[in-house]
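Paired with chain B in one complex and with chain C in the other, chain A is shared by the two complexes that follow.
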Partner chain A sequence: MRSTPTILATAAAALAALALAACGSSESGSSTATGSASVLSTAGYQSPATESLSGKRGGTLVVLQESDFEHLDPGITYAALDYPVVFATQRPLYSNKPNSTEPTPDMAASAPEVSADNKTVTVHLKEGIHFSPPVNREVTSEDVAYAIERGLNPNVANPYIKTYFNSLEGIEQGNGGPIKGIETPNKHEIVFHLDESKGSFVAEALVLPLTAAVPKEYAEKFDKNKPSNYASYEVATGPYMLKNNAEGKVLGIGYVPGKSATLVRNPNWNPATDFRPAYLNEIAIKLGGSEPVIDRQVLEGTNIVQNEPVPQSGVRLAAEHYKDQMDISPGGGNRYIAVDNKVGPFANIDLRKALWAATDRDALDRARGGELVGTVATHFIYPTIAGFEQAGGAKGLKVDYNEHPEGDMAVAEKYIKLAGYPSGKYTGSKPIQVVGASSPPEKEDSEIVNQTLKNMGFNTKLTLVEISTMYAKYCGVPKEEIDVCPNVGWIADFADPQTVLNVTFNGKSIEPTGNVNYGQTDDPKINAAMTAGETVVGRQARATAWAKIDDELVEQAAAIPFDWEKTPRLEGKDVHGVAMIWNEGAWDYSFTSLK
Partner chain B sequence: MSARSVEVLPSDAALEFLDFGGDVARSPLQLFWRRLRQDRVALVSLGFIVFLIVIAIAAPLVVGALGLPGPDVQNLNLTDAFGSPLGPSLAHPFGVDPLGEDVMSRVIYGTRVALEVGIIGTLISTIIGVAVGMLAGFYRGVTDTLLSRLMDVVLSIPILLLGLGLAAACSVHGCAKGLIQPGLGTIIFIIALATWPYVARIVRGLVLSMREREFVEASRALGASNTRIMFREILPNLTAPIIVYASLLIPTNILFEAALSFLGVGIRPPTASWGQMIAAASPIFTTAWWYMVFPGAALVLTVLAFNLLGDGLQDALNPRNAR
Partner chain C sequence: MIRYIIRRLLWGVVLLIVVAALMFILFRVLPTGNPALLRAGRDPQPKLVKEIEVVLGLSKPLTVQFWDYMKEIFFHFNFGYSYYSQESVKSLIAERLPATLSLTFGAAVLWVVGGLSVGIVSALRRHSLLDRTLMGGALLAISVPEFWLGLVFLFLFSSDIGKFKIFPGAGSYVPLTTDPWKWFTSLIMPWIVLAAGSAAFFARLMRSSLSETMEEDYIRTARAKGLPERQVVRQGVRSAINPMITLFGLEVGVLLGGAILVEAVFNIPGIGELFYKSIQTSDFPVTQGTVLLGSMFIILANIVVDVAYAYLDPRVRYS
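And now, the complex of A and B:
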């Protein structure tokens, strides 16, 4: 899971084995995101799912961006805001087209080959891909090997390598030097040897930017620094590069922290090797300012876009006056009310169902900004992720507590009675702990949930803290025994349904700190289904298997999903912006063009 | 106030009055009231504060009489398609907040929190301050040194940071085995802790000079105990400066509560607090100005009223200190 402005927890738990049919099958190039029309529909606004990918060549795009980048080094980057620059400059082995959540070979020449025992993954590289100046030479498999190896260098410290590549032979000993399990038989072939049958899982993870080639002889000296300053000198393989000088220095030239970043064309990029059209000549990113002001500048300006979550005022301004300058992307993750399945009143399944029934999901979504930024959720696998349709699509599982998005106290009372409270109101006197975030819209959602709990008879203690504190100190720490976290969410790193459900609801993934199984769901039946689901092969079969687990979670009312997020972005009058449906609707600079 | 204390009240006050009216038979309270009555600004402020107190006490009645919903009645139907709250209307004169809660109702209930914190917090810090100040000033020596250093130590604590820290650390489970819980109690405690040394310093200074005065010596010669001297001789003479200082402390404390609530560590929602409303309103000011303007105005007017009344009291009680 990537860190985003609203979700800061990282998956500390290692993901278990995942057997997948080789990704990047022949139809992947033309595939589009998963989701029924109603949920993917964006009420007449542009959507990356339907956006035309053609455009006019040339011009400079100005990007106004309030926040600075976290990391532009392909080995470290893990934030939605960094990805637009990273994916315009770097080519991982596989990438997502902006309108797709299924990978396309990028640096790779073809789909990965997974051995029959699921323990070896072989990838062939395209020929004729060169690094940008000053390195200039052709990319080889050793550069990909080094890119992954350096992820274990403590000076680089990639945040997810141990989660997705933990089955690589010798990864435990890795410290930046060669990893035993990565072999490069020739210049255009790389082989991953695993000590467990997780080949398909590793194959799927090759879409992560960690697999973007890094030239060892050039980067090594920077990686010796603590922390590595390769980003200040980084070279590109994509259509664009951060502007640099003859020595390759980017810092202060193509990237001035807190001020600007400038992407120019990579002279060594060969369009014949890439699916990216790269219409723009230059992307000038200006850092700083304030989002509400930026929104106005963008909507009234030309050649200009913003690239961060749009506050309510901006969505409203665009909807009322600049309707065709807003692009709304579905698939921005799910949001749900986490309830403690292990300790306290919500260990009782009927009380969980009662809360589900009583929750006014319409109101929660309204407080988040209404239909343009979210859809009422009825289960956990969200639109654009495989398995969404199989899990019931927009309607979800047909159970009485899931049928009334506006909340139904009668159904709630039925379940409260089933839980052993004959009056239909909860009568336990011990106050329950509710911890939410203090910033809008999480603040509003927390207060709505708090009120719902009170209406059900609970004596609540609501505390609102900073969102990072909420995850780090309370909702992610089981021993704090927080009964209700009204506003947690999850965004998958790639579109396999396992990445949505496994760490978040698998009993095996519960951690003492940094826990992301917020409700400590630990149901033997669900755990077993997940273990089986990890080894299912084939995209369709996997979608079905994990959709069943999703159904099971709904039947258990493991948590109460209320929102599938949509993310709007704003563009200037003459910009044909193309957003990445797989990356929270951030603009794809390699596909965006000027009209 | 005893007749004897007339002679030790600022004697100019009595003289001034003598010159003025030629009637010596008035008590200090009467003198004070006569002077305050002439201060229109202070009177209006006093009237406003009385009005606030009535509103705070009778909040449910006031809200009911105005036909407004309760302060924590959520109604998301009062937000538009973008989730923005609707503005002032006949049914909701101050508009609603993003949860559809009535802003006027919340402003009215917010008066309770503001006054509770302002008045109770000030009362506690004044009692502690007077006690410590009297002990330090009366006994002098080691007692004075110890207490004065204690005041210095407390004054050196960055109190907003302490408040932030305490409230953050004790926010969910409470601290000191649940003794310190976030919310009104903790806020009042922090405020009392932060402000008593100011009162104590002033009192100490006054007591230091007063204990040398003739009436104290006379009392001592008559065999009065220390306690009697402190409470029967000195304390009545401190009334005027204490009232003035306390009246100026109240608005400071109200602002302090607003600041803590603004920073998210004060009053817990859904309890209405002006500071918290202003904080919640700031990100949506461009779409919902009423959410900030009305609680902001309530805060400004209240603080202004207490400050102006404090000035008036100072003038009325200490006419020598021409400002």
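And now, the complex of A and C:
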């Protein structure tokens, strides 16, 4: 068994480092990465890393949100926009406090116990946690088991269970019924048996909402529908619940699609079992509208927040006139230029390095909105994810093509020559395909990259399409053989570095459609390191192992990272908004309060 | 006349079947996005995508899907369920229809009354300063996009973020049955914005049509016979208005298109917004339901217009 103190000590150390970095951010905010502090907070603005978690009890928070939710069922939900509601109403086994990427026991009573062979994970549950009405009874380990098992029911079809829990014994046979690898020895203990040594990684994944308890006797009838409509009747374990009627119906009452969602206090919530303060009495979410109007309504309003990434116009408005009403969170994911490692000119490593050297990453960053929305990236594991510091922190790996964020054509020419083009310019005649998104700021990024390629001697064919088309028809379809996709990115599902690098750069993850290994990186050495990295035990060791893989990706110039995204959020004058550093800076309704 | 109306209604049904078939081809045969793929997460595994396709009924042969789809719509009036909220499309539409009807009917009244009045005044005061001002304004109203005009109105006149806090702003819509006064005030700006373009178009057409009519021989004759000018104008307007009636039916389609943007800007939970969001998320049943409803409105509006035309112009008789 891995000892609990080890996990806690690691967590405490990482938190301390995070806080220290945030506190020492006097030079922060530069678009050029100069130190770790600048990537965790932005000078003059609130950051979830340093935000006070205390608040005043009471009041109703109004949330304005242009987009509707995708799925509020904890077994299906997989969108940053849905999570603020899901995590205010549901309690997974572990959760992140808003200012932390370290899991805190939530439904669990203590840290997970991972066996010495890394093949068994045991979790003890707290007692005294109850489902909201109409279920009302106490939560047991069987409810957690059912919550996970139903993820394999095709009517529920959880989108990540086979990515993160694929080592559970019997998962391949699972279809919603009991899985061999999940055992519930008693009402407050659940054991996960794995057929591979991935216990430490599975333990990290227990923060996902799939592990939030679901009462089988209540949900089963909804899960039989194709698709399941449990979300229309879902019950809560968290401090809030979606308003419902006596039968538990939420649809049309606590959630009116496209119109509103209303969170009220869960009468069965016991604060003694939870770390959430739950200051607010009610959260009234109004759906719809348009961003420019919402931004102004929030900035000129009182008890209102906006809960979506803010467009550049809103960021500018807040920066100029409402500085203290903008919260900027790091950890919004990475952005990189994907280049086809398999076919075409960029199968040549030296041409990839040349493009890295030539790219003006400062300009790409500025096109996205500059220091308020990003920091120039030097590698792939981004701030707030374990392994960031081990991979070189803000400066990254010391290689000549990574030294000058403003672009260095001399270094680029050196690598073009090494690639076999003595003039220092690429002289191949075949045009290369560049496909980017047509909306700002991706359009501007694409044009900058396209110009860089031209400066290097490439004959380019730039195609700009709607962003979903870019992924669905071009960059996510290997057979299209797109040479360069200038603006792709990735956001981790939780703070383990494997979730940043594995599906995006592991050759085993290449799929014919919906592919997210955009550059088709398939390096046997990197693949082997990732396979080994999956079984590493302990947060620190995992961070180190995956940081080495990150280094290797930089050495291979598998793609060209250019931005670590920050996410600004806006709050009204009377709101003490607390954002989730682990969820793209979305507001945490269980910690947010009114002044 | 009755036979004509029945024939037009039957043709309307045929047209709706064609629209439904086209919608099916557009969204199922030539999909803009596979909803199963969207539902399968960021790293969609092929097996999971197939499972979701089965659950959503997308794995059946297209002919079976088409028959099921048409059968449900035309025999059971069932448009299916939203892929996301699981709410029936019929309920979603029914819930939002009053808001869209409030918006479009109000805007249509404003556009007809406003457009025709301005057109008549301009025609009767041709080349005057008033005429030039009104036509200049009309040109501006035709040219500006509704989305932009909506934002300008909000930033100028809304009670929350406006410079002059006069009208309730975005998100203030309340149903007529809840509070008639709030309903009315919340729709003033959206009505103006939605009606502006069509009203301006009608004003220019009316001016041109009435100007020509007022120079016809029978108008001159009426004046020569000493008919009061008021009655002369009435005769002229009655003749000049006929082309507008035909255009009204066509403009209903434009109005519904504009409602999508106006509902988005003013955050009115109507059909237009539902349609717009369903396109963004490949929620095909919702898209199909809303487009069919829109088509039905346009077909009905055109039938009403054709019948009205016969009443207004004695020379037109349908058999």
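We adopt the following convention: the second predicted complex is superposed on the first by the 560 of 595 C-alpha atoms of A that agree within 3 Å, B and C clash if a C-alpha of one lies under 4 Å from a C-alpha of the other, contacts with A are read in each partner's own complex, and residues count from 1 in each chain.
One rule holds for everything that comes next: contacts are C-beta pairs under 8 Å (C-beta built on N, C-alpha and C of every residue); 3 or more make two chains touch, one makes a residue touch a chain.
Nothing here was measured: the structure is a model prediction, and the numbers come from that model.
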Superposition on chain A - do chain B and chain C clash or fit: fit
Which of chain B and chain C A:K249 touches, first, second, both or neither: neither
Contacts of A:R265 with chain B and chain C, given as first, second, both or neither: neither
Touching partner for A:N450 - first (chain B), second (chain C), both, neither: first
Partner chain(s) touched by A:K395 [first = chain B, second = chain C, both, neither]: neither
Inter-chain angle, chain B to chain C through the CA centre of chain A, in degrees rounded to a multiple of 10: 40
Touching partner for A:K417 - first (chain B), second (chain C), both, neither: neither
Partner chain in contact with A:P311 - chain B first, chain C second, else both or neither: first
First (chain B), second (chain C), both or neither touched by A:K286: second
Partner chain(s) touched by A:Q297 [first = chain B, second = chain C, both, neither]: second
Minimum C-alpha separation between chain B and chain C after superposing on chain A, in Å: 8
Footprint overlap on chain A, where chain B in one structure and chain C in the other make contact: 292
Residues of chain C that touch chain A when the two form their complex: 33-34, 37, 39-46, 48-49, 51-52, 54-57, 82-87, 91-92, 95-96, 147, 151, 154-155, 160-161, 169-171, 264-265, 267, 269, 273-274, 277, 280-281
For the chain A and chain B complex, residues of the former touching the latter: 292, 311-313, 315-316, 319, 360, 362-363, 366-372, 433, 435, 438-441, 443-444, 447-448, 450-451, 461-466, 469, 474, 480, 482
Complex contact set, residues of chain A against chain C: 64, 67-71, 78, 154-155, 157, 159-160, 162-163, 225-227, 229, 231-232, 251-252, 255-259, 286, 288-290, 292-294, 296-297, 300-301, 468, 472, 503, 509, 511-514, 516
Interface residues, chain B side, partner chain A - complex: 72, 74, 76, 79-84, 98-99, 168, 171-173, 182, 264, 268-270, 280, 283-284, 286-287
